[in-house]
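Shared between the two complexes below is chain A, which has chain B as its partner in the first and chain C in the second.
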Partner chain A sequence: MSDNTNETTAAAEYDFHPMWESLGMDVPAHDMLLGAVGQMFGDVFLAQENRPASTDYLNQVVAGIHSGRIKEMLDKKASGEAKKIVGSFCLYVPEEIVIAAGGIPVGLCSGADWATDKVEEHLPRATCPLIKSFAGFKLGSVCPYIESSDLVIGENTCDGKKKAYEFMATQVNMYTVDIPNVHNAQTLELWKGEVRKLAERVEQETGQKITAESLKAAIKLANDKRRALQRLSATRAADPAPISGLDSLLTVQAAFMDDAERLTGAINAMADECEQRAADGVGVAPKGAKRILYTGTPMAVPNWKLFNIIEKAGGVVVGEEACTGSRYYKDLVDESGETVDEMLDAIAERYFGINCAIFTPNDGRIEDIVRMARELNADGIIDCSLQFCTLYEMESFTVEKAAEQAGIPFMHITTDYANEDAGQLTTRIEAFLEML
Partner chain B sequence: MPAMAGGYGIGVDIGSTATKVAVLDAGGAIVHTELMPTGFSSVDAAGRVEGALRAAGFPVDDPDARVVATGYGRIAVPYADKVVTEITCHGIGAARLFGPTGTVVDVGGQDTKVIQLKGGRVAKFAMNDKCAAGTGRFLEIMADRLGVSQAELSALAREGSETKISSMCTVFAESEVISLIGRGVPRSDIARGVIDSVVARVAALAGQSSGGPFFLTGGLCENGFVIERLRAMLGSPVTTCPEARYAGALGAADRARALAC
Partner chain C sequence: MSDNTNETTAAAEYDFHPMWESLGMDVPAHDMLLGAVGQMFGDVFLAQENRPASTDYLNQVVAGIHSGRIKEMLDKKASGEAKKIVGSFCLYVPEEIVIAAGGIPVGLCSGADWATDKVEEHLPRATCPLIKSFAGFKLGSVCPYIESSDLVIGENTCDGKKKAYEFMATQVNMYTVDIPNVHNAQTLELWKGEVRKLAERVEQETGQKITAESLKAAIKLANDKRRALQRLSATRAADPAPISGLDSLLTVQAAFMDDAERLTGAINAMADECEQRAADGVGVAPKGAKRILYTGTPMAVPNWKLFNIIEKAGGVVVGEEACTGSRYYKDLVDESGETVDEMLDAIAERYFGINCAIFTPNDGRIEDIVRMARELNADGIIDCSLQFCTLYEMESFTVEKAAEQAGIPFMHITTDYANEDAGQLTTRIEAFLEML
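For the complex of A and B:
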């Protein structure tokens, strides 16, 4: 932890502009973006009261998100410690494979509107904001992650993404994994085949063979990260909740970007502190604050809009059934495999269990929502879909019925990255909290 | 100058179009109401409310009084003891006016709310998303386009025959109205189409709820033709009363009274 702080302090004096320029980025526009995100981070995160001290790690991650972390990855590549940087947009791309082949996996920017006018020359206006965002970050040259990625791995999940990847393939070195949309023995075999094809493609890119040893180590590395996040999540069942939903959301957002080992250490430190706070009855919100389980579409950095509204209104988010939440860490890869083949199968099986709304039926997600609401003592469920996300919009009706049957108050929200509905959302969320 | 025995509650409901005020005495009886346009600024409206209440003998700084603010401009009321959302307040106010069980439909200036009441409490609610269709604003825009007042719009509509305006979006619906005007469709028919379009959106939102009886609150509660069409489209009785315009303010005043007494 202290090492990390020293590094960041040193980094604060370092001028990153030449690095961004060398990546071919639009540096003045990027300065503007960083300014806006920094301002937002201050207003949303640093304004919170009673944060656990160990969340300082998250401040460091955000401070270095487009600077120190990028330099660290580029330096690792230059020294030969890492072979390539491999970007992706989705939970379905197994990081173990990238790591085992000597790559650094990173999540790419998709959480803010950018260069929308340019995007609409290539994608329809009625496209979900997350897709428009990643296309906009590329077209506007303001995402250092995509600019430093040697390979970008897409996945055929929703229709919007799979068609947008056809366009993205004209912009970056792109490989797309096929994901089945139903769960059965046959599709699992197909998926295992896809995982193998991906492993070959990544090996070809990095020039490094995946060995039983490197894959075993990568599985352990990713599982350790998940175990730490599981520990932290479990502390949130306490009333008062020891950590805010905003900070918890940021732990998973950080996990897509930061070094796995450093992140695991920091999350374990946060879990230590939060376990102690739970034992001592110390919370981030007063005891009795209304507790919300979030479920729905993912929230990429810096999409903190909804959590900010919920928590500023006096509620506290105690869990996230989402890709930027429990789906990221709830399942581990079986660690008993010894050969590369066995381990690739174990990886495929683990990732096949991610309950994305692209699957039909998707009963696993519904069960998870009700189970999490009970385990985390949620008073209500807020289900949110990004505008134009047909899958989550449609599934919200099923979620609502399940919540009703379980006797848990429920509210569905449709929104995007823009702020002009913040007033209306605040009213709806405050009224929901008043109703609980 | 009314002499108030014991504490009293003042509810201030600053909507996007109109500001409503209600004062309840310790026994819960309505002793005063105010209605004024909100105008450009909620802060300014809150100031005018303060003046009007003082003139009526209910100064907001009276130690016996408590003030609850609600509505779109609720955070702009510096003298409020508490802020409660208009959804909760409309629920409480409607329960008081109509009874503890049913569905409240409130068509406001910029949003439409459907609130399901059970045992006098809000059990569930729905609100239109980021869109002006099915709100008071839609009627204002269309009345302007037809060059009539809102009262004239419903009078015209009553004489008109069914006319389809299919766009869900206010902006597109406005172009539809323009093309209907261009085609020489009678104004009364267009007015009918406009009213039906709003009522259909409201009915769709209300239809998601568990059912009647329906209570109409907010600015449209005195619009007889809207109520008639809403009854027809919901296939269910729709009750309202002149005080229903003050439902939010009454709910807020009720909360304030609980703080004061």
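For the complex of A and C:
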């Protein structure tokens, strides 16, 4: 913990420009991007009232997100402590495998529009903003995570990503994992095979064999992170909610980028504070503020638009049924395995349970939404899809039906990364909160 | 053959309204639909000059498409000659299995906008027109094929269909086959398992076991159809082209609906005539007319918009790399199998080779496009996606690159089932033809 504090505090003075240059980045463009994100972070996060003091960790993560953290990873690689940096875009890529093979797993940038003109030379205009974003960050050379990645792992989830990875494979060293469409015994076997093939591919990249010991440690490391996030999430059932949806979202966004051990410590500290706040009746929003369960497409940094609108309108997001939410932490990998084989199976089984909308049917997601809304005492559900996300757009009709049957008010939103619809969304969300 | 001729000729006098009513259809709305399709068929097909005489078969198919053919199928079911009618939306559903189990396989309506308001209560507005169409034909009760179907077989191809079938399963007796994302030894095994599960499900529906004898006959029946279509397709390499793209497209559209044996006879007669025309230098368009290879999303009846525009503009479509085209007939099922197991494997292997854009990568499609363009002496390639079809929209960039490398002029079009863009498309296509 102290390491990080020193490093990110020092970040303000350290000049990271030579590092970005050595990564082949477009440094002036990147400076502009960082300036915009910093400004946005101030307006959205630092403007919040009554934040738990322990959320200062999140401020530090964002402050060092493209600087101190990148340097830390590159330093670890230089010293031999880590072998390789392995990027990915999706929850379905098991971080345990990367860690056990000596790699550092990182989530890649995909939360803002960038280099759209260049992107549209390779991908259709009517592509979801998340996909356009990761292609744009690469084509515009402004994501230090992808530029530091020795290997990028894609996954065949939605049609858009599946095909966009064919293009990304022309830009980076890419390996794509295959994910099935349905849950059954045969597809689980297929997926177990994919997990093994991935392990081999990562080992080949890092040059380090996965051992029972390293895998057991990696499973524990990832599970500890999940346990910490579960603790924090549970405190949000309290009214008043001890922590905002924005800060909670940021904990998971941070989890894709920051060091696992440091993050776990920081999240546990937040959980400690939030448990205390809940016991003391201290909240980030007043008691009785309308409580929203978010469900839908993931939100990568700096996509804070919707949560900001909800919470500025007086609501408070108390849970996220999303990949940047409960799906990230709700299920642990079974820790009883002793051999590499047993543990790889346990990993495969855990990840197979992630309720991605690519699965048909996807009943587990629907059940989770209703369960979470009840457990977290949500007054309403806001289901949001990124524009052109066929899967979540389609599944929203099923979610709506389930919410209706459970008697929980529901609103569906389709949006993108631009700010053009912010006014309209504010009006709709204010009306929804009023109605609750 | 004579049976059909009598029946469809008689269709004009026979009153099919009681039949449609007994199927629970919206008869006045359906009358309107049939009127519109009949009018369109006249304007598009009958207005063509120099058609091969043997295309009169196609006129008869369209004349009886919702009437005589439906009655024929229902009569066969009533007499016990056929057990069940089994509908599907995709090339990936092996007709051999349906036939061998005593069923009649039919393609379901999906080529025109219908009941869009009702559809948008269940599916997103930004859904591809083909999916909206099949949902609309069901919700509007105007497709006698789906209303006659005892079982509808879906397939997990694109995100849109995969999720739309969850809704369709609330409307019809539905079974969905799972299709993989990638081609490898493991996914082929999975697919072979899916083919077996499908065979069991169809047997259960029809109450008739698939035998080595019935399966062998069904394989031969379907292969004969494919061989006939291959023969016809080969004649289109001639300049002048002996048959129009419109009529050729209609042969495959008809193949989804008409009796296989009758269709095979009629297509062979067309191939005979077109071989003669090619030898005699007789064409449907003048020698030297610009020759187009079509590639892209499938075109269900009555989606004749693009081909009509191309051919009215003086071009001639000489091939279709599409599900309503070469993918339907280019590969045969191996006929050497003797046991049910061997034959099911041969069926699985043949269907696994269909170059659907759901596969990543989909190199087979790209190779086919270039090969077909050369074999059929195409002057240019028109690649077309239905709006919101992520897969074909994305793959169009790869197709364009391949066309460029092969030195073949290329144009990409995104369109839907409405006529609003007909003027604009005409202008673009005329300019493209002029440039060739």
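Rule of thumb we're sticking to: the second predicted complex is superposed on the first by the 433 of 436 C-alpha atoms of A that agree within 3 Å, B and C clash if a C-alpha of one lies under 4 Å from a C-alpha of the other, contacts with A are read in each partner's own complex, and residues count from 1 in each chain.
Operating definition for what follows: a contact is a pair of C-beta atoms (placed from the backbone, for glycine too) under 8 Å apart; a residue touches a chain by one contact, two chains touch by 3 or more.
Quick caveat: nothing in here was measured; it's all calculated off a predicted structure.
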Is A:165 touching anything from chain B or chain C once the two structures are fitted on A? First, second, both or neither.
second
For A:276, select first, second, both or neither according to whether it touches chain B, chain C, the two together, or no partner.
neither
State whether A:211 touches chain B only (first), chain C only (second), both chains, or neither.
neither
Applying the document's definition of touch, where does A:22 land relative to chain B and chain C: first, second, both, or neither?
neither
When the two structures are laid over each other on chain A, which of chain B and chain C touches more residues of chain A?
C
In the overlay, answer first, second, both or neither for which of chain B and chain C A:423 touches.
first
Would you sort A:186 into first (chain B), second (chain C), both or neither based on which partner it touches?
second
Determine, under the contact definition given at the top, whether A:434 touches first (chain B), second (chain C), both, or neither.
first
Overlap of the chain B and chain C footprints on chain A, listed as residue numbers
414
Within their complex, state which residues of chain C touch chain A.
122-124, 126-127, 156, 158-160, 162-167, 176, 178-182, 186-187, 190, 193, 357-358, 360-361, 387-388, 390-391, 393-398
In the complex, the residues of chain B that touch chain A are 72, 84-88, 111, 121-125, 127, 129-130
Given the complex, residues on chain A that touch chain B span 409, 414-415, 420-421, 423-424, 427-428, 430-432, 434-435
